[in-house]
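What follows is a set of structures for review.
In the two assemblies presented below, chain A is common to both, partnered first by chain B and then by chain C.
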Partner chain A sequence: MGPLIPQGYITGQWEFVIALLIGAAFGFLLESSGFSSSRNIAGVFYGYNFVVLRVFFTAMIVAMVGLLYFDYLGWIDMSMVFVLPTFLAPMLLGGFIMGLGFVIGGFCPGTSYTACAIGKLDGFAFLGGFFLGVFLFSEAFPLFEKFYYSGDMGNITIGEVLHVSDRVVAFAFVVIAIAAFYVTWLIEKKVRANRTESKFE
Partner chain B sequence: MNKNTKIKNGPRYINPYLGGILLGLLLLATFFIAGRGLSASGAVKLSIVTIVDKIAPSHAMANGYYSKFIPADGSSPLFNWLIFAAIGTFFGGMLSGAIFGRLKKFRIEHAPTVSSRTRIIAAIIGGILFGIGSQFGRGCSSGAALSGTASFSFGGLIVMLLMFGIGYAFAYFFRKLWI
Partner chain C sequence: MNKNYLFLSLLMILLAGGLLLLPDRTNYSQIPPEDLLWDIIQPTRYVTTEQVAKMIIEQDPTLELIDVRDADAFKAFSLPNAVNIPLDSLLSPNYSDYLGIEDMNAVFYANDDMLADQAWVIAKRLNYSGIYVMKGGLNCWIKTIIQPAPPPETASLDAFDLYDFRKGASIYFTGKTITAPKSDNKSKVIVRRKKKTKATAGGC
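Let's look at the complex of A and B:
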């Protein structure tokens, strides 16, 4: 049955209406979880607020396990679900640069939209920088075009790299996530004992 | 509500595990409907492509990156799922802010350890880094780290591990910005 759009069940302008609604739900959940505040987000790096880890990992394991069930029940044709391709070296570099940007800027692109939406000027500063960064990358692209396409492993999955099934991968993620929830809860309790404020808006 | 009770009660956010479950279900629904996950950075990329293509079309076509995203049929790159989703994200955030009382006049949020000016400069630098990094990474926290990993992509996992790992590795050097 699914995915609906690649199989042609939804076409034309309806796609954009649905995109708008999905985007709105995404923005609502990001903001209501506390991601319009860079200080909440940065808490994950300093131990005073692990909301990023909780929301991110919960969402990931729910979607992973959900996809497996949808596949098992025959509701979704997994061969039509987009698996982000892997370009090893450029993605390592990209992750590295974004990690730096994360701890310096305190937002990621999606969360900065919601910060802008409620009037945070630091959100606008981040988003402005983000536009500039994409522009700089694009202008300089001819300099590193070859590197950008290097290490092409195709649409490879975690399971294919580790020679295990998707089910094993999902199970491992669930176990790691639950362990992380517990350990970070302990850390957060300790760190918060020495602080007056750990949640911000 | 006066200021004191507000500090005592703290900001009103939903439970993070509830938020995570709802976000996971939304991501699952997005996979079911669109065959791909959530995204945030793609919209900015397409906006930049559109602006450059409008101002300097021959320059855009000669560049191997811009030209990748300019539709061959002459339609606007903005007529795209990613753009509508990003507009939705903005207004969804605004709706939540309005409901929970956080939609207020323009302000700069920063830790007491830094000035507003430092915070703004750091936010711009962070944004620039994310702009560059997300292009090498084939997506940002939403498209690569979250949606990529959730659909079992090896590259998504790489980006997620690096993003958080490097954040922790360098957190010490930037602690004055936050604590």
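Let's look at the complex of A and C:
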């Protein structure tokens, strides 16, 4: 049955409407999960709040397992789902820079919008920096264009690289996620016990 | 630790573990038989050799020619810009990207209609759209485009127009030169020139 647009069940003109609805729902969930607070987000790096890790890991494993069941039941054709191409070295550097922005600014691009939506000044400051960064990146793009497109590995998945099925990868990720939940819970407990400046729960 | 978290973690492990126990899906999703039968009887699933020739000449970007014969036959002769997907490899994941491209018209062809029709039915059953068969295959291509036969003198004007197009296409695909019909009894062209008249001069 799915994906609906490539299969022609609904026309491509609906893309923006669907994107708007999903975007609004995503923003609402981010805000209601407490992601509009930079303390919650930066907490990952200081070890007192792992809500970011928990929320995103949960979303990932639920989507992974759910999509594989959908594929098995014939509700979605996974071969038609777009897989983002991998450029390993540029993506590693990009991830590092984004992590740096995360810990310095206390937001990621999406959460800065949720912070702006509820009128937080630090959110607006972050967004200003965000647009400045986009502008500088675009202007300086010819300087690192070669690196940006280097190491193209194509539309590959982890399963294809490791020569295992997607189901094994999904199972491994669920185990890793649950182990991460437990370990971060222990770290959180230890760090919070030593903290005096703020209380939790 | 909250008991709900333990329960949810256990549920996720069970669901993910269940994936490992599921058998592989081998049945492809297919369109209902009545839809397939309806599509099979539609004459619109065929394109003529002239239509294909016109699209090639016009370099139509939406045309995707798929040669379903084996690799040797493809090497020996094929249409310009065609891709070779032998019929027995049509379901191979290596070739799945060639079908179902939005706004593209995939035209199957072989030596005759047989293999191309089979490829069309397989692709249609898998619910691909924008797929066609070149009517008559390469045999018809040779007969109509490469070596077109002139229509009888009593044929309609449309038949002569079609013949003209085929002749033009033949020149395009084979690189033939246009040869004017030879005739032995050349008639001499007599050029008659008018005597120049003097401009009237003088007058009153």
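In this section, the second predicted complex is superposed on the first by the 192 of 201 C-alpha atoms of A that agree within 3 Å, B and C clash if a C-alpha of one lies under 4 Å from a C-alpha of the other, contacts with A are read in each partner's own complex, and residues count from 1 in each chain.
Following the convention adopted for this analysis, contacts are C-beta pairs under 8 Å (C-beta built on N, C-alpha and C of every residue); 3 or more make two chains touch, one makes a residue touch a chain.
A quick note: this is a predicted structure, and the numbers were derived from the prediction, not measured.
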Which superposed partner A:F171 touches (first chain B, second chain C, both, neither): second
Touched partner set for A:P6, first chain B, second chain C, both or neither: both
Greater chain A contact set [chain C / chain B]: B
Which superposed partner A:W14 touches (first chain B, second chain C, both, neither): neither
Touching partner for A:G74 - first (chain B), second (chain C), both, neither: second
Touching partner for A:W185 - first (chain B), second (chain C), both, neither: second
Touched partner set for A:I61, first chain B, second chain C, both or neither: both
Chain B versus chain C as contact partner of A:R39, first or second or both or neither: first
Doubly contacted chain A residues - partners chain C and chain B: 6, 61-62, 80, 170, 181
Of all residues in chain B, those that touch chain A in their complex: 7, 10-11, 13-14, 16-17, 19-38, 40-41, 44-45, 47-49, 52, 63-66, 81-82, 84-97, 99-100, 102-111, 119-120, 122-171, 174-175, 177-179
Residues of chain C defined as touching chain A within the complex: 1, 5, 9, 12-13, 15-17, 19-20, 22, 25, 29, 93, 96, 100, 102, 127, 129
Residues on chain A engaged by chain C in the complex (per definition of touch): 1, 6-8, 61-62, 65, 68-69, 71-72, 74, 77, 79-80, 167-168, 170-171, 174-175, 177-178, 181, 185
